[in-house]
Structures are given as C-alpha cells and as structure tokens.
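One chain, chain A, appears in both complexes that follow, with chain B as partner in the first and chain C in the second.
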Partner chain A sequence: MSIRERISGNEAIATAMRQINPDVFAAFPITPSTEIPQYFAQYVADGKVDTEFVTVESEHSSMSACMGAEAAGCRAITATSSAGLAFMYEMLWVVSSSRLPVTLACVNRALTGPININNDHSDSMGCRDAGWIQIYAENNQEAYDNYLQAMRIGEHKDVRLPVMICQDGFITSHAVENILLEDDDAVKAFVGEYKPENYLLKHDNPLAVGPYDVCPYYMEHKMQQVEAMKNAKQVILDVAADFKATFGREYGFFEEYLMDDAEIALVLIGSTAGTAKACIDKMRAEGKKVGLIKVRVFRPFPGEELAKALENCQVVAVMDKVEGFTNEGGPLYNETAAACINLNKRPKMINVVYGLGGRDITTTDIEKIYNHLYMIKETGEVKEHYLHIGQRSNVKEVF
Partner chain B sequence: MAYNLKEELSKPERFAPGHRLCSGCGAGILCRAMTRAIDEGDKAVITNATGCLEVSSFLYPYTAWEDSYIHAAFENASATASGVEAAYKVMKKKGKIDDTYKFLVIGGDGGTYDIGFQSLSGAMERGTDMVYFCYDNEAYMNTGIQRSSSTPRFANATTTPVGSVSNGKEQNKKNLTEIMVAHGIPYVAQTTYVGNMKDLHEKAHKAIYTQGPAFVNVMSPCPRGWQYPSQLLPEICKMAVETCVWPMYEVVEGEYHLTYEPKKKLPVEEFMKLQGRFKHCFKSGNEYTIEEAQKYVDKKWEALLAKCK
Partner chain C sequence: MKMTEIRWHGRGGQGAKTACLLLADVAFTAGKYVQGFPEYGPERMGAPITAYNRISDERCTIHSNIYTPEFVVVVDETLLEAVDVTKGLKEDGAIVINSSKSGDELRKHLNGYKGKVFTIDARTVSEKHLGKYFPNTPMLAAIVKVSGVLDEEQFVSDMEASFKHKFASKPQVIEGNMGCLKEALKEVKEV
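Presenting the complex of A and B:
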C-alpha cells in the first residue's frame, strides 16, 4: 500500500535511502543537498538502518570512500551538489571505469564563479561525459521513484555503472509536496540485495582493482564502458516496467506531454517541465498545438527515441539550464540537434538557455518562447539559434 | 617469539616478484616487509596511492599483490581505505564474512605528505582501523624527481635544481611523523631498512595489530632521485640513522620511545656524501649548506630526545 505524505525532495531521497538500508553512506555536506545526510544521520542515530555512515572530510573523499566500499562488496551511496560534485570529478571517472555501481543523489546547484547556491544544471552537466548514468526528476515523486530504480539499473550485470539521481536544488529539494511513498518491505523487495560477482573481501579469492592500464588494453576497457552504457538503455526500460507493475507509476527515457499532434515543442530537463505544462494547457485552450518533451534519462542519451518523438514537429526549442560557453548552445541542445541530423524531415531547432543560478522561469517566459517558435514557423527563418531568456537585458534574449 | 629474519623470509611471499620497481628502490622492500608482518591466516586489503609503486606493481593484466588490492587515485588512498574498512565493518555486522582482514595503505611522500595529506588526516581523525605506510623517498619520483614537502633542504630536485644562484631546495623537510602524533592516534612510528629488518618488522606488526589508526613513516631511498648506485641502499639507510637524520622511534598512545640510539652520532655529511643530490654541498664555498643541515638535524634530534626522556 502506498502511503500519502507531504515531504520535501531531500526528505523523499533520504526516505528512499532508509528504506533501501544501504551498507555504506559517505557524507560531506553542501547546500542544497545537506539535508539528505542530516536526515540519514538521524536514521543512524535512531538505529533505523544498519549503514556505516562515514563522515568524510571532503566530497573527493566521499566518492573515494564509496569506491572503496563498493569495491569491497557493499552498496555505497552519497549525496552532493555543485562544487561538491565538481570536487569529485576525478573520482567520478575512476568509479565508472572501475565499473562500480555507486549511487549518488545530486541536488542540482549552479557551479561557483561567482558563488551561487541556487539551482541550475551546471554541476551534473559538467560531468555528463564521466561515464555515469544520469536520471533527472521533475518533482519530489519522481526523485523518490528514480532513486528506487537506480540500484537495479546500475548493479545489473549488463550495466555495472554508477548512477546519478538528479533533482533541482531548492525547487524540489526543499519544496514540500504531496508524495506517494511505498511500504518499506515493498521497497526492499523491489530493490533487492547487492550481489557482486567479485569483490575485495571475497573469501575465495582476492581481487585487484584500479590497475595502471597501458595502450594495448585501455581502449578495449573504454569500449566495454560504451557497451555497458548501451546496455543500460534496455535495463532502464525493464526496471521501469517492473516499477510500473509493482507501484503503478510509469517511466521511460522521457515524458511526452501533448506531443501527438504538436507542431511546436520544447525539450527540457527537470522542474521547469511543470511550468511548461501549465503554459501548454493555457495555449492548448487557445487552440495552439504546442507540446513538451521532458528528458528523464540524459545518460545514456536516448537520441534515436528523441529524434523519433520530434520528427513531426516543425519548430523545436531545446532549453538548457546550463551555459555551455561553446558559442553554439548548451549540451541538451547540441545532443538533441545531433540526434535529429539524419531525420529525412527534421524540425527547425533553437537553443534557449535559462534559469542560470536560480533565475526564475515563468509561464510568461515559456509562452514567449512558444511565440518565438511560431514566428520561426511562419517566416520559415531561424535568425538566431542560440538565445537566452530571463536576463536583465535583451542581449541574445528570446524576442 | 624472538624475531628471526630467516624464518620470516621462509613465509609465503605476499608481494610477488615480477613487479617493475627499480633495483635499489626501497618501496619493494617495504611491500614485502609490511605484508610479512601480517599474521599467516589473516587476510588483508592493500590500498595504494598513485605513484611509482602503483604503476610498477599492478600493470593490467598483471599484479604483484597476493592480497586484495585497490588503487583509486593519487590523493585519496586513505579515504578509499576508509570505504573498504567501513564495508568490512558492515559485512561483519551482517554476518556476510568470517575472515579477519587487515587494512594496509601505502603511498609515497607525494601521496602522503602533500596531495594525500587531507585524506590521510581525515581518516586518522575518524579512527579508521588501518595502517598507513609512507615510503618516504623525499620527492615526486614517479613524475621525475620534483621536490615535495618531504624533500630536505639543499637537495637537488628537478623543480629545485641547483644553479648559479641556487643550492637546491630552500625549505626544510616537513615533519609528518610529528603531525601524525598530533592527531592523537594510538600508534605512530618512524623506521627504515637497517640490519635484519627487525625494527621495521616489529613496528609494522605492532601497527597492524593496534586497534584504530596507525602511521608508519619509512625512509625509503630512491636510486634515481638520490643518485646512488643501487647496492648502496642499506648503507644510506644506516647512515640516515647513525647521523640522526632519520631517528628510529615510536609513539605509543602518546608516549615516545627511541627504538635505536646511535652509540656515536655521526656528522650529517656521512649521510649526504653518499648521494648525488647533495653533491653541490661539498663544493668549495658551499660549506654553509652542510653546517646548516647539521644544525637542523641537531635541533630536531635534541627535541626528540627530550620527548623520549
């Protein structure tokens, strides 16, 4: 039986962690993810979990301790944000290439320079190529549900990759929303035990982890990671199917909102989907055929499926909550555009960068973007493919 | 039972031949000695910081380690070991394993004094049940003999080269052993490769079988960096001890014990003259370098003696 609750996104993640009862949690605080280890520390103090809670002295060490624990044969988790994730950057690569399915709860926050504690996706997008599976949430429910699926995906023998479960800092991490929590036993049964094949503390034989890998082997090892990431696609769908059968809520690579007949569409990640849906409902009532694709799984990137979902649209704006400084737009735009390049009939496509450092994005902003796309549809001309919205000036702003 | 080198050497090797360390390198000696100090029947997980030892002992697909081994990165051997130790505790608690494991961490001075210092300090403060062995060869040898905070004053290193206006490194060596003592951990020791390795063996065994964190700093000459013919390693170690450049002592629960006191403290040049990295110190006009080195050693030695009394 599901339990109706009202909790924040951070508490939802901490609750999922308690229910899973992982072996090792290596913790170092950083806003806005700090509440997760705080809630968990209380579970430890109250004897609600068996977890070894290792209060390390930095995020680099939290990811290192997770690596040690996971290699030793345990389920290891951590949580972080922003500079904390950046500080782990080196270890993210080591963990993924060592094929250790660590689970990281990422509460997205802007990267420093200048320091800012609010939400954007610069932290997790900055490590998008580190070999981690990345799954994003629109709201607390999705954050919770994604977390319950994470270990089944990462630990699958065809995958063996670490998983990052992302949600928007403050917007969902601190906002208290209605949520359906699942029963502790049902969660444990769904997630199951971690049973690695080889590990450091295995009685029968020792294991060596983290070799110096020379040219004749390194590329083959990278190709194995490529293969694992490819395999992750099917596993993500299989786990989602079982999740639906068990708990009733449906997930895929992305959510399509009123896309069947959409001429104009947005593609974006995270909590802004809620804002966009409110705007779509209003515009649909006015007879405008607008739609939305909310990307849930960014790694592995569901390029083929995304291209298919967009092929009947005429104009698309891909929205990045991160500035790429590429002069050609953000990562979601570039990858979506690349995925569509071989379609016989492909939509015109622009990039809109938004919400940097917690800058608000409103239904009015979303409507402005849709109207801009209508202008492109009518004139057949993309004057500027790389725009921003919500600035204090009009420089490269959506017009 | 009295220590007997012959008996110790008849135990099965836990650090196998075939590794690619240079001849005359101290690191391999330490690997053999520290794993010999693990009681037979007990298992171990070795955590290793990036460095010469790592790239020489575990080149895919070969490993010289008979025990489980993990290398993560340069600066995080202690944190990685913390994770392994935490895993052990929880698996024991859950009844998933019966074996007794010991957690040995090994890194060079780069991975210990410098880039891995924070991680080391954190693991020690948390009371992690592990022993950190530093093979201190007093420079970043793996990248080509750059200075570290462990490099002694006046040593010629590739980032503190001797030149027309330079006589090598300007700063004295960081005293990491004392910093570890300041952590208030149950066991800290300093040793090196002398005689029949009794001192090293006993300290390693004590450290491994001390509950909680322990730190063993092992002066570990490097033939490339220190510039000596490989067969001179034992002589250099001996001179390090006889000149009091590298005193052998241990600190048990805060109490200092000198484990060897030279009958007659030799002048510091007896240690320096064996090594090419100090060659410039013996040139006419550079007498002050040896005088300064001697003054520093004397000061440190007196301070240590005072603590041991």
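Presenting the complex of A and C:
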C-alpha cells in the first residue's frame, strides 16, 4: 500500500536510501545535494540503517571509497552535485571500467564558471561519456522511483555498470510536493540484496581490480563496456515492468506526452517537462497538435526508439539545459539529430538551449518555442537551428 | 484547474521559507496537492528572499517560479522599500503585510496596487504569546484567513496536531503558537 506524503526531492532520495539500507555511503556535502547525506546521517544516528557512513574530505575520495567498497563486494552509494561531480570525474571512469555498480544521486547544478548554485545539466552532461547509466527525473516522485530501480539495473549480471540518478537542483530537490512512498518491506523486497559473483574479499577466487591494461587488451575491455551498456536497455525495461507490476507506476526510456498525433514536438530532460505539459494542455485546448518527449534514460541513449517516436512529427525542438560551446547545439540535440539521420522521412529539427544557471523557464517561454516551430512548419525553412531562450541579449531576439 | 498561487517575501533568517513550507504541509494535510519552494540566491542573513506556494485539487506539473500570484505575503515591511512586492500580483487578489501601519501609509509603497491590502502586527502577536519575535505562525494564519484556501476550523485543528507532534517535549511552545495562530486569525484586517 503506497503512503501519501509530502517531501522534497532530496528527502525522497534519502528515504529511498534508508529503505534500501546499503552497506556503504561515502559522502562529501555540496549544494544542492547536501541534504541527502544530512538526512542519511540522521538515519545512521537514529539506528534506522546499519550502513557504514564514511565522511570523506572530498568527492574524489567519496567516489574512491565507493569504488573500494564495491570492489570488496558491498553495495555502495554517494550523492553529489556540480563541482563535486567534476571532482569525481577521474574516478567515474575507473568505477565504470571496473564494472562496479555504484549508485550516485546527482542533484543537477551548474558547473562553476562563473560560480552559481542553481540548476542546469552541465554537471552530469559533462560526464555523459564516462560509462555510467544516467536516468533523469521530472519531479520528486520520479527521483524516488528511479532510485528504487537503479540497483536492479546496475547490479544485473548482464550490465554491471554504475548508475547516476539525476534530478534538478532546487527545482525538485528543494520543492516540497506530494509523493507516494512505498512501504519499507516492499522496497527491500523489490530492490533485493546485492550478491556479486566476484569480489576482492572472496577467499576462493582471488582477483585484482583496476590493474594496468596493456594495449592488446584495452580495446576488448572497452567493447565489454559497450556490450554492457547495450544490455542495459533491456534490463531497464524489465526492471520498469516489474516496478509497474509491484508499485503501479509506469516508466520507460522516455515519456511521450500527447505524441500520437503531434505535428510539432519538444524533446527535453527533467523538471521543465512538467511546465511543458501545462503549456501543451493549453495549446491542445486551442486545437494545436503539440506534443512532448521527456527523456528519462540518457545513457544508454535510446536513439532507435526516439527516432521512431519522432518520425511522424514535422518540426521538433530539442532542448538542452547545458551549453556545449560546440557552435552546433547541445548533447541532447546532437544525439537526437544523429538518431534521426537515417529515417526515410524525418522532422526538421532545431536546438534550444535554456535554463542555464537556474534561469527560469515558464509556460509562456514554452509557447514561444512551439509558435516558432509552427512558423518553421509553415515556411518549411529552418533559418537557424541553434538558439537560446530566456537570456537578455544584444543580438537579435528570435523568441 | 483551480489553483491558488502565493508568493512570500522575507529576509534570510526570518522564516519566510519555513512559513511557506508550513503552509504546504497543512494544505497537504487537508488533502490538497501542494508545492512549496524557495528561490535561492547567494544566501545570507537579512538578504531579501522569495518563496512560493501552489495549492490545488489536482497535481500541478508546472515547475517555474510564480509571476502572477493571487496573494503576496510580506513578512518584513522594510522590504516594501527594497522590493517591488506587488509585481504581477492580481488585482482581484490581496497582499498581506506584517505591519502596524495604516493602509494609506502602506499603499505609498505598493506602486498603485488596486487590490485589497491586509495587515497583521505579527510582532505584537508573537511577543504576547511566545515572548519572542517569530513572525511565521501569525503570517501563516493571516494568509490562510485572507486566501480562504483552507477551511479555518480544520486549519486550527491540523496545526494543533502538528505542533503537538513537533514540540512534544516543549508543551509550553504549543500553547504559545496556538495563541499566535488564533489571535492572528482574528486580528488580520483589511486596511
């Protein structure tokens, strides 16, 4: 039986962690994810978990501690944001290539330069190629539900990859909203125990973790990671199916909102999906066939499925909450465009960068983007495919 | 979908965020869908801060700040000179200000706002019942009364249950807060 509650996204994640009761939590605090280890420290103090809570001196060390714990055969977790994730960067690659299914709660915050505490996706997008599974949430409910699914995905024998569960800093991490929590025992039963086949402390099967990989083997090992990431797709769907059967809420690679007959669509990640849905409801009431795809799983990238979902649209704006300085568009745009390149009939596509450093985006902004897409539909011409919305600017305003 | 949108103005450390989250809490207890969220900048004691509530009967999916609220609550009246508190405020809505000043005096700082103006002297109420200045509870009661977003009787009993739970080891605080709450419900007035 679900429990009706009202808590922030951070408390939702901390609650999931308490329910799972992992072996090791190594943490160094950073805004806006600080509350997660803060809540968890209280659970430790209150005896609600028997986790080894390791307070380290940096994020480089928290990820290193998780790596050591996982290599020893434990279930290890951490939480971080922004510069904290950047400081883990080196270890992220070691963890994924060592095939250690660490779970990281990432509360997305802009990377410093200039310093800023608010939300965008520059931190997790900055390590999108580090070999981690990345799953994003629209709200506190999805952050909680994604976290409950993370370990079953990462620890699966066909996968064995670390998982990053992302939510938007402040927008969902600090907003108190209604949520359905699940019973502690039901969560424990769903997530299960971690029983790795190979680990350092297994007496009868000694092994080395993280040794030098010579040229004749390195590429083969990378191919094994590639295979694991491919396998993760089916496992993600299987775990989601079991989650639905157990708790009733449905998840996939992405959510399609009124896409069946949509001529015009947005593709985006995170909390802005909810704002876009409200805008779509208004525009649908005016008879406009607009839709939305909210990408939940960014790694592995569901390119084939996404292309199929978009093939009947006429114009699409892919929205990135990160600036890549590519002069061509952000990562979600580039990968979505690449996924559609071999369709026989494909939509016209533009990129809209938004929300950097916490710049707010409203239903009015979303409507402006849809109207811009209608203009492209009518003229049949994409004049510029790489746009920004919401900034004050001396250059020509498109929106 | 009927949705009530409220914007709070306070200064860091005064508890505008706490009051906003308390309102979300009590509206949740009354069966509503709620959002309570602060807007964060560089945090320091005394700096102007903003917090928001959305309260509705169905889940609200919008995740932006609130630009055209029905109600505004000003926890610190010195903000009237520093912040455009009525910006976007609907004229059929209202503003609730923590002040003992007259309507004429306050309106000078409200940029010609034509809607209703309410005041509550939260300092007097709080000092009388708690012996200290905690504007949260009186401001919460005042906005519940003015907005009509919750049933008043249920609000009083839900808050009492919440205080009893929160201050189980300090019963004298429960009485003081309930005193603040009830007096603010009575004393908030249109000016």
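List of remarks:
As a convention for this text, the second predicted complex is superposed on the first by the 394 of 399 C-alpha atoms of A that agree within 3 Å, B and C clash if a C-alpha of one lies under 4 Å from a C-alpha of the other, contacts with A are read in each partner's own complex, and residues count from 1 in each chain.
Assume a residue touches a chain if its C-beta (ideal position, glycine included) is under 8 Å from a C-beta of that chain, and two chains touch if they have at least 3 such contacts.
Only a predicted model underlies this, so the values are computations on that prediction, with no experimental measurement involved.
With both structures placed on the common chain, the touch criterion links A:363 to chain C but leaves chain B unconnected.
Judged by the touch definition given at the top, the superposed model places A:90 against chain B, while chain C stays out of reach.
In the superposition on chain A, A:67 contacts chain B only, with no contact to chain C. Of the two partner chains placed by the overlay, neither chain B nor chain C lies in contact with A:297.
In the superposition on chain A, contact is made by A:272 with chain C only, not with chain B. When chain B and chain C are set side by side, the one touching more residues of chain A is B.
No residue of chain A contacts both chain B in one complex and chain C in the other. By the touch criterion stated above, chain A contacts chain C in their complex at residues 6, 32, 117-118, 138-139, 168, 170-172, 174-178, 271-275, 277-278, 358, 360-363.
Every residue of chain A that touches chain B in the complex is listed here, in rising order: 23-24, 26, 50-52, 54-58, 60-62, 64-74, 76, 90-91, 94, 200-203, 206-214, 217. Touching chain A in their complex are the following residues of chain B: 43, 45, 47, 54-55, 58-61, 63, 65-73, 75-76, 78-91, 93-94, 96-99, 101, 118-119, 121-122, 125-126.
Chain C makes touch with chain A in their complex at residues 21, 24-25, 28, 33-38, 40, 59-65, 67.
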